[in-house]
């Protein structure tokens, strides 16, 4: 007989062993998925998109996440605002998914009309006793961190978002995201749990065999290795790279560009990591030839400052001199995750003149498709009754061990 | 932590506030959907189709509703009968969905053969001890109300169906549904809860902005308005219309055509409303130019008797001089509803000669598609965690408030 | 109010009445489906494919069943092996579904590399303390029975598989499955519960009206009949056939070919039946004209030995002189079942020269499609609230009664 008394989520959390991947149920169960949405997508800060999604007053963008539909817009004063996309009358969606340009927010059902500040301006046939001031659109907590819009759907958002804001000030401002525009968006549906998408992103153990395009510019050694697994030649190459990086980081920092790793990954509420790394080969950008793909550079206009990555628990980004990629990870089900990546370029860069779109996007477009296949086979495997949590490499998968530990801690902190 | 002890349905019913739309869970939850099927689609009378779906002896029509498949047929004596479409042997479906012409009902699996009266006539290889008389097709309770077939899947059907039968006698007989035929059928899948489909149908607050085709012949003022929301011109137009309607209703009644509203909507088991209303413009029919679309009229042959509507809790119908529309609302899931509309014309009317099909159907075909989009965005919104029940307009949405109240009462009456 | 305390599975088992089809919930409920997978697809021996799926060393075939993905392969010593298709690192699928040729099993994610014996040969970056010997691929219990691979996913497999093994020795060896190859594979998705697929296969009551192609070579009388249901002519035909069969079985047995029915169907753990039957008409094979479709015969090379069938609880097979069909039944959901049939021919037979593929396969291809439609309408019917278990024919459906009884017994034996 099957054990009908399925274990509580807390029992699954107990079963997690340090240095090992998570117990199957934490990746696959519907109730864990619901708990994940509640804890990690409603009660923590999540990335929903760059502010350049809404460059001008009246621009609006709708994002669906964790069952909520959000309107991000720029109001008449040029300020970003975020609202729930739910009419206060009978709840109809006000805007469709995607982007639009609006002067007011008009619900198509009965023409209830809201200002871009969220105030209800017009609601016919409601009578004298109806109080419009109680029926504004519900606002959403958000922070604009160096041009990256983060929201928290809870009324009690984690305070340590301030640490990420400091990173935005120090490391992202030179890239001036406000003055970029979205050159391309790729939506990939991954057939796996969102945590497998994040695990896949936090190691480069799989890069050499799976990402020929990315490996032109990306150096997997930066994410750890077992010296004994390397050939004598590779060991020597690794030593040379470490020495080079040590010198380069000193040079960058001396110029005023903070570069060292910041790891806000354990014993924290918000989870992020940033570091400036060397780009391989031509050294300029994550493109097929590692050279800048865009002639008009972003922000301060330097293409010799390597690649600054920023990882969150539902995002990763790479800041380079010629373009920036930003990726949001949005769970759609226990075994289904949306990866939405955008390529940002200087707002004045013109396609066909300043850049070739394929050259700009092909490396990460291919990498995302390769990763989606890996996440799919990973999810299929952890769903198999024969799966048992395996050992993480102590050299190349420490980031995963920390993520799994942080995951368990945050679940505990929210009562599981 | 999520509240693991999900509230009982009765708690949701408690939360409903008069004058407001229903709590989210009553629209979205799977357990409420199952309860709805049980209470409203098995234990109340529901409309399944017009009797002219089976005009001749041997005509059969299969309708799937609430998990049951029903065979409506006309037997050799010309009588309508309704059976469960389940072979008494191993349960196979006897007929496929749609219509067919049969002399007997033969199960394709093992050729068990039933008379059109439901009696088992033939079952080979069953041996001498097998009692065919215990294995007739199961009959279904039904009433033919003015040509509209209503069934109740329960053994204890509500008795107040007699009130609807009286309406059938008084108001529908002049249209002589028996001598109509189905000129067109439109199936629309609405991505919303069936109660949102019904709510949408019971107000015309949304008509002006959403139904340009219907508004040629339909007068939204008939369903309430807030005088203060109208411009001085519209207020005057409303006053003129009220006066006109007051005179018209007297004239119709004097001719023997009952017209005043009958509202069997609160404190009743069966839920219905009927009223004869003025058609706008040319005044004849719900067509693009408000003129009769069919040269050969139905029944008594008058096109100056306006539009008699009849609403049930899973149906709405409009009776006009040249044609009749009948609509059945059939839930397919908590967030999925089939709307099946049929256009009935005089059985002797010939397409291309007596009417143009597009001219006959285009107004409601467009209206149904527009409504499906509204119901979809409504369901998406009530599924959002940010939804809270909103206020119904005291002028234009009273019908919805009564429907919500009736819904709660009927759930209570069945033990929820 | 719906009865919220849904009955336990054991109550459903109690409700089963001898001589009648199963209570609805045993065919339709999700929890019963999960229990079925556990009891009948994990704790009993199931057929997964013929050994000729992997004819040469390095050939591998992946089969998904009951949530498990299995690799069947032939190792370098020519031995068949079966493993779980789950990498011991982070669980990724190693091989994709279908067949492949491999020298090692390399996980595409991080290149963990296993020998064809399952041993982990290579796992980079894991450090000195990592013990490869604890990380072999997990093997699966299997038996090669006359060329038919059976697995049991439990550590405590039923011992009476020995009885089936004896059948393999006596009856299947003359067909020499090892020296056949797969000429064709048909996958059919049936929209019904796996037990309805098996019930459908265990009676020929439905054959005459549904399987015109099969009835050329197949004799439905062999599976029982009620003499009183036959016409005088058919009764005489039946008597002649019984006499013929009585003589034929003596002749076959005298030649050393066991033929009589073996029924291992009740009070057993493993469920199977075998019998050698006469082929109708030309008498050679289940083809459109009942003649051998393949010039190069299988095994001992005789086409006058009729048709030996072998039924298991998730399979059926027919062994004939010119070809063999093997069918696996794999549940995909409570109402969804995969039927995978393969046609095996002498490995040296060449398509277009020794046989015409359409002539070889058309009878069972059509029969499977016809059966899929019947299973679909059967499942639809048992899902209807109006379904009540019906009587099995005491003449033509005894096999179904025994199967239902065995099903209930095995559920009981596993604690339900």
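The chains carry the letters A, B and C, assigned in the order they are written, with residues numbered from 1 in each.
Keep in mind that, in the parts below, contacts are C-beta pairs under 8 Å (C-beta built on N, C-alpha and C of every residue); 3 or more make two chains touch, one makes a residue touch a chain.
Since the model is a prediction, treat every value here as computed from it, not as a measurement.
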Same vs different contact residues, chain B with chain C, by half of numbers used: different
Inter-copy rotation, chain A to chain B, in degrees (Cα atoms; steps of 5): 120
Euclidean distance of C-alpha centroids - chain B vs chain C, Å: 48
Touching two or more other chains - residue numbers and ranges from chain B: none
List of chain B residues in touch with chain A within their complex: 1-2, 21, 24, 199, 205-206, 209-210, 224-226, 228-229, 374, 377-378, 380-388, 390-396
Contacting residues of chain B [partner chain C, same complex]: 34-35, 38, 42, 67-69, 84-93, 108-111, 124-128, 130, 135, 138, 153, 414-416
